[in-house]
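Dropping a structure here in structure tokens format, bear with me for questions.
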Amino acid sequence: MIVRPRPGLLTLFFVLKGSIILRTWPHLAAVGALSVIVVAAHRHAPQIVPGINPAPLTLIGIALSVFLSFRNNACYDRWWEARKLWGQIIQSARDIARQTVVLDKGPDDVSPERREILTAIIAFGHAAVGQLRHGTGTRAAGGPALFAAPADTILHPVAARVGLLSRQGRLVPVEALALNGSLGHLTQALVGCERLSNTPLPFAYTLLLHRTAYLFCFLLPFGLADMMGWSTPLAAMLVAYTFFGLDALGEELEEPFGLLPNNLPISAYAAVIEIHLRSAMGETDLPPMPVPQDYVLT
Amino acid sequence: MIVRPRPGLLTLFFVLKGSIILRTWPHLAAVGALSVIVVAAHRHAPQIVPGINPAPLTLIGIALSVFLSFRNNACYDRWWEARKLWGQIIQSARDIARQTVVLDKGPDDVSPERREILTAIIAFGHAAVGQLRHGTGTRAAGGPALFAAPADTILHPVAARVGLLSRQGRLVPVEALALNGSLGHLTQALVGCERLSNTPLPFAYTLLLHRTAYLFCFLLPFGLADMMGWSTPLAAMLVAYTFFGLDALGEELEEPFGLLPNNLPISAYAAVIEIHLRSAMGETDLPPMPVPQDYVLT
Amino acid sequence: MIVRPRPGLLTLFFVLKGSIILRTWPHLAAVGALSVIVVAAHRHAPQIVPGINPAPLTLIGIALSVFLSFRNNACYDRWWEARKLWGQIIQSARDIARQTVVLDKGPDDVSPERREILTAIIAFGHAAVGQLRHGTGTRAAGGPALFAAPADTILHPVAARVGLLSRQGRLVPVEALALNGSLGHLTQALVGCERLSNTPLPFAYTLLLHRTAYLFCFLLPFGLADMMGWSTPLAAMLVAYTFFGLDALGEELEEPFGLLPNNLPISAYAAVIEIHLRSAMGETDLPPMPVPQDYVLT
Amino acid sequence: MIVRPRPGLLTLFFVLKGSIILRTWPHLAAVGALSVIVVAAHRHAPQIVPGINPAPLTLIGIALSVFLSFRNNACYDRWWEARKLWGQIIQSARDIARQTVVLDKGPDDVSPERREILTAIIAFGHAAVGQLRHGTGTRAAGGPALFAAPADTILHPVAARVGLLSRQGRLVPVEALALNGSLGHLTQALVGCERLSNTPLPFAYTLLLHRTAYLFCFLLPFGLADMMGWSTPLAAMLVAYTFFGLDALGEELEEPFGLLPNNLPISAYAAVIEIHLRSAMGETDLPPMPVPQDYVLT
Amino acid sequence: MIVRPRPGLLTLFFVLKGSIILRTWPHLAAVGALSVIVVAAHRHAPQIVPGINPAPLTLIGIALSVFLSFRNNACYDRWWEARKLWGQIIQSARDIARQTVVLDKGPDDVSPERREILTAIIAFGHAAVGQLRHGTGTRAAGGPALFAAPADTILHPVAARVGLLSRQGRLVPVEALALNGSLGHLTQALVGCERLSNTPLPFAYTLLLHRTAYLFCFLLPFGLADMMGWSTPLAAMLVAYTFFGLDALGEELEEPFGLLPNNLPISAYAAVIEIHLRSAMGETDLPPMPVPQDYVLT
């Protein structure tokens, strides 16, 4: 996740870090170069490179905007759902820290059972990160790697421990119910993350919009050459900047657990869970808070 | 589900597997052929095939984009809801695996009751696939086949067993409550899947947008012939590629449990549930993980 | 609900059943006739019927598309929410069938209490259909008929019976809780259905969009007459087909419990609940599964 | 809420009651008058009132459609959420009627405790209406009036009564849990209604879209005068009818608890709750069902 | 939050407080000045500043409208979700006030335990405001400040107290369950607020749309100069007013917990919680209700 203040108007056009232009500039340059060639060719050999009427291009451009907007919406929803699921993991971890307070003799006397449970939850967070990040970029090699759920099995001994504490009367039924509910929320969030991780947007959507966007931007100079002359490269590149940018950004948000700049900092989330739970156990020798490096938090 | 990495710019235009073009190319070819005929006729007999002013076509085209986007949104939501429901099935299966740990004497001593329950859950997964896939393509023969719920009845003996364990004191009330909750979630997810499976998008929507999209694309050459000349086939086919493609893709996503390339791999999900639960029962002779065949996971 | 396979390209344009054109054709014919008159008048008396510049019509047309899309979205959401609520009724009925299994002595010995409860649930389904369908078409006569909730009162004796069984110890607390929860879900779904049934879309929306769509389509021939000549009737009717069709379809989906072709088959749902619960009680003399008649399931 | 059947095509254009035109007609007349002046001035003094090219107006018009559609969506969602919250109140009232059946000795012998609880729920409904309606139109005088929650305090004695019944064993724990849950749902719905009531759409949105819509409609005649001549007033008023109408309708739906024609009939809802609960207590001398007056139900 | 009545048509154009124009006017002035220069230059030196054809600008403008609408939607959803989360905090506080009534001996005898719990909830509200507001504007300095959760730790002693009351039998299990549930809802809402606070919209979106909107508005005068002459500054500024305004408004809503005029009045919410809970404890010396200052409630 990029963490930086919004630039002012002056620096706005020169910010690179966090801009999607770092990924799309070769294609932008290609559109620009093509525009120059098309305009020059149209000037010198109009019978070979005739001007195309731009009316159908306008129609395709508007249709493309509507469809790209739909895809961006879907990808953004995935990203935000992923964030919500990690919010649920953070919340459940805190809930468990609070729900196990009753196991302690007092504020300064953390019981071994509470320590055992909270340590397992910390491990769950880190295991979830490993499980979700491990799959990044290797999706095509087959989904299976993502299907195994090591993080989930960490919760089995916790469930057994809660069952035992409940039978021993250390947890009254209501408390055991709440704790089991929180474990269920952790599983739910993890299953949700796996869903996002191993179910990309239907491939045909990506392909269809990607192809149409590129075809459109490479046809645009032909439509503009006659009408705009040497302004064509600028106009074509501005259109391409928007369309390629939204396309690339949608692609980045589609898989929210990766290591790209606009992905979610799930390592930091797991670290924060660790700090919070260790602190709840009265530890003072805590790991440092995660800090963005070069504006990027991972 | 298509499982493959996103192609680079060079291969982008030559990827066929997973592209919707495999289904729409005859119609694209028809539009192309019609365009050639219209342009030729307009050139040689303009008094018979006069050019139509494209302004109303632009209006229809934009309106069509907006409506197609609406339909795609609805179909995509169905597909994603189907995925979420299967996520809920996977989660409930895991929850039940964790919630029944308390029945065991120890980590290596799986009780027969737990084995009975988990085996029924495995069967539920496969039965749900059979029930949902069996109906695919035969919807017109009448909904009844889908209304029967064989998967659901598998849960009745489990409910009876949980009731018995609860009366025997093997499950404390809190645990019986949680287990019954998980059974309820399985029913809920199954009913949701049946809802998606036997309630298509209102037929009139499909018909209206399908007709308008085809009429539009077959009228387009008449509107472009005068203005664009021999560029008409290219432009008409590009528009038709986008509109037919989104129409066909929406149709594919509308019924997410089928066997088409962009449908959900529910067989694989059921297999993964089986592997997970068998592994939770300590079995080591597990079936192989499902692997995509020719980029497609079913 | 229309239950039929998607027609192929050839038959696509000749399917009538399920098409919204059955309801809009008089208006389409009016637009076509007006177009013919306008074109003829413009040809013979251009000083009386001058051509209007179509540019503002394009603007209104696009704005209308955006707004119609919004209304369709809202109506479709109503229809889909209605379907979800009936899914919840079906699910709760199945949950109750499963949750009452513990009342039986064995798989073949259905207890009278379970029989009493399940019979009431079957009656609830049919009463809900009567309550929701009875109001259809008579909304203007006043909402009150819909406010009474006969279906809801059927659940009161069930609640009393569950309370008694709970006090007798035949249901352990956890089971009584789950059963009461299912009864609550039935009430919730019924209240949701009543909400959809007695709260139409704000009347002013319907009126505003309806009026604008009709005014637009009746003005369109004046805008096209000069530019398109005798192609005007075709173009105006194509636009009118889309706009009138979406308007009429939205109207049909707005009240999802009616008897129009695209409404929900709630009678069939109630019948399926009856079959499922009777079968769960071991009955074999079941009513026949509902079958679509002339492609329509009610 | 307007309760009337959809008018046929003939009467469609003459329905006034329920139309938003009752609120926007002065502005429509202003646009019409301005158009006449502009066209006349352009005809007689084109050097003073030159025709503006309408192309940028088309751009602004389309952008405005998209943004107005967004605002309408948000306002409609508020209105529908308000309806859902009242649905939740109605449902919770019915749930409480059903959940307290166990307090009675028999169907005809309503216990005083049940009577006390149901009477408080009836009062809650009416108090909620008073609280929400009292604030209508006086929002600018300061939010505080809405922040007080008289309806909520009505539930405190009910909670105390349920606690007592639970300690006396008249309610088994499961039943007390369900009743407390229903009380929680009432609070939740009330807080939701207060949220809608005291948090309008961000003021800047309303201002921005309102201003742009009015500026646009008052500039439109200048853009059309040259091209459309004396058709200008008609076209400008049609555009203004749509834009002003959606703007005014959005404003009306934004505060769903008021007394405007398209607001929700929450008084009627509270009356229906009273009738339902009194009937559940065996009373037969019920107040009359609310009936729409001049097509409007409040 | 701006609290003021909607202005009438006459004052509409002169309202400043609450208008986004206070933030965008320097950029609007820049667009206006540039327009004047471009028109003058085009008049006197058309060979140096030629007119650009506005057709591609229309395309970019429409695409930009669609994308800006998407971003506004996302930002508005964040703002509304933040409001809902605070609604949940207010509701949970009220629920706890009602759920602890059973601890009292009578309506006028507030038990010390209830007082302790409600006092902690009041402190929770104020701590949540401090935690969320403290981070405002310092996001770029690193997320950590927001990750610590002082408000959450306030709930730990409450959970311990509830556990003790439950073991002492002062709370029956059902009541302890409900109270723990309310504590869980407070944590959930707080985690949700932190999520909104420390996860801005992906930076690349903001950058991409911001850049495109500014580039578009600064190019617009070149496209209009030839066609509109001295009307150009007016038209360009109207477009810029809408686009810059929506951009700035989206930015303001994106971080809903700040102190900008359109942000949420969370201090007021915390004050209202305090008043409500103190009043529930029978106190009469209440702090004053928060009142908007200069139309702004913070």
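Think of it as A, B, C, D and E in the order they're written, each chain with its own count starting at 1.
We take it that contacts are C-beta pairs under 8 Å (C-beta built on N, C-alpha and C of every residue); 3 or more make two chains touch, one makes a residue touch a chain.
Keep in mind the model is a prediction, meaning the values are calculated, not measured.
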{"item": "Contact distance in steps, from chain C to chain E", "value": "2"}
{"item": "Cα superposition angle of chain B on its copy chain C, in degrees to the nearest 5", "value": "70"}
{"item": "Same-residue or different-residue interface between chain C and chain D, half as cut-off", "value": "different"}
{"item": "Chain A-chain D separation of Cα centroids, rounded to whole Å", "value": "37"}
{"item": "Centroid spacing, where centroids are CA-atom means, of chain A and chain E in whole angstrom", "value": "23"}
{"item": "Residue list for chain C, restricted to those that touch at least two other chains", "value": "57-58, 62, 64, 66, 69, 173-174, 177"}
{"item": "Cyclic ordering of chains (reference chain A, direction chain B)", "value": "A, B, C, D, E"}
{"item": "Chain A-facing residues of chain B, complex", "value": "1-7, 9, 12-13, 15, 18-20, 54, 57-58, 61-62, 64-66, 68-69, 72-73, 76, 79-80, 83-84, 87-88, 90-91, 94-95, 97-99, 101-102, 107, 172-175, 177-178, 220, 224, 227-229, 231, 235, 238-239, 241-243, 245-246, 249, 252-253, 261-262, 264-265, 268, 272, 275-276, 280, 289-292, 297"}
{"item": "Residues of chain A that touch chain B when the two form their complex", "value": "27, 50, 52-53, 55-60, 62-64, 66-67, 69-70, 74, 139-140, 142-144, 147-149, 152-153, 155-156, 159-160, 163, 166-167, 173-174, 176-177, 180-181, 183-184, 187-188, 191-192, 194-195, 199, 202-208, 210-212, 214-216, 219, 251"}
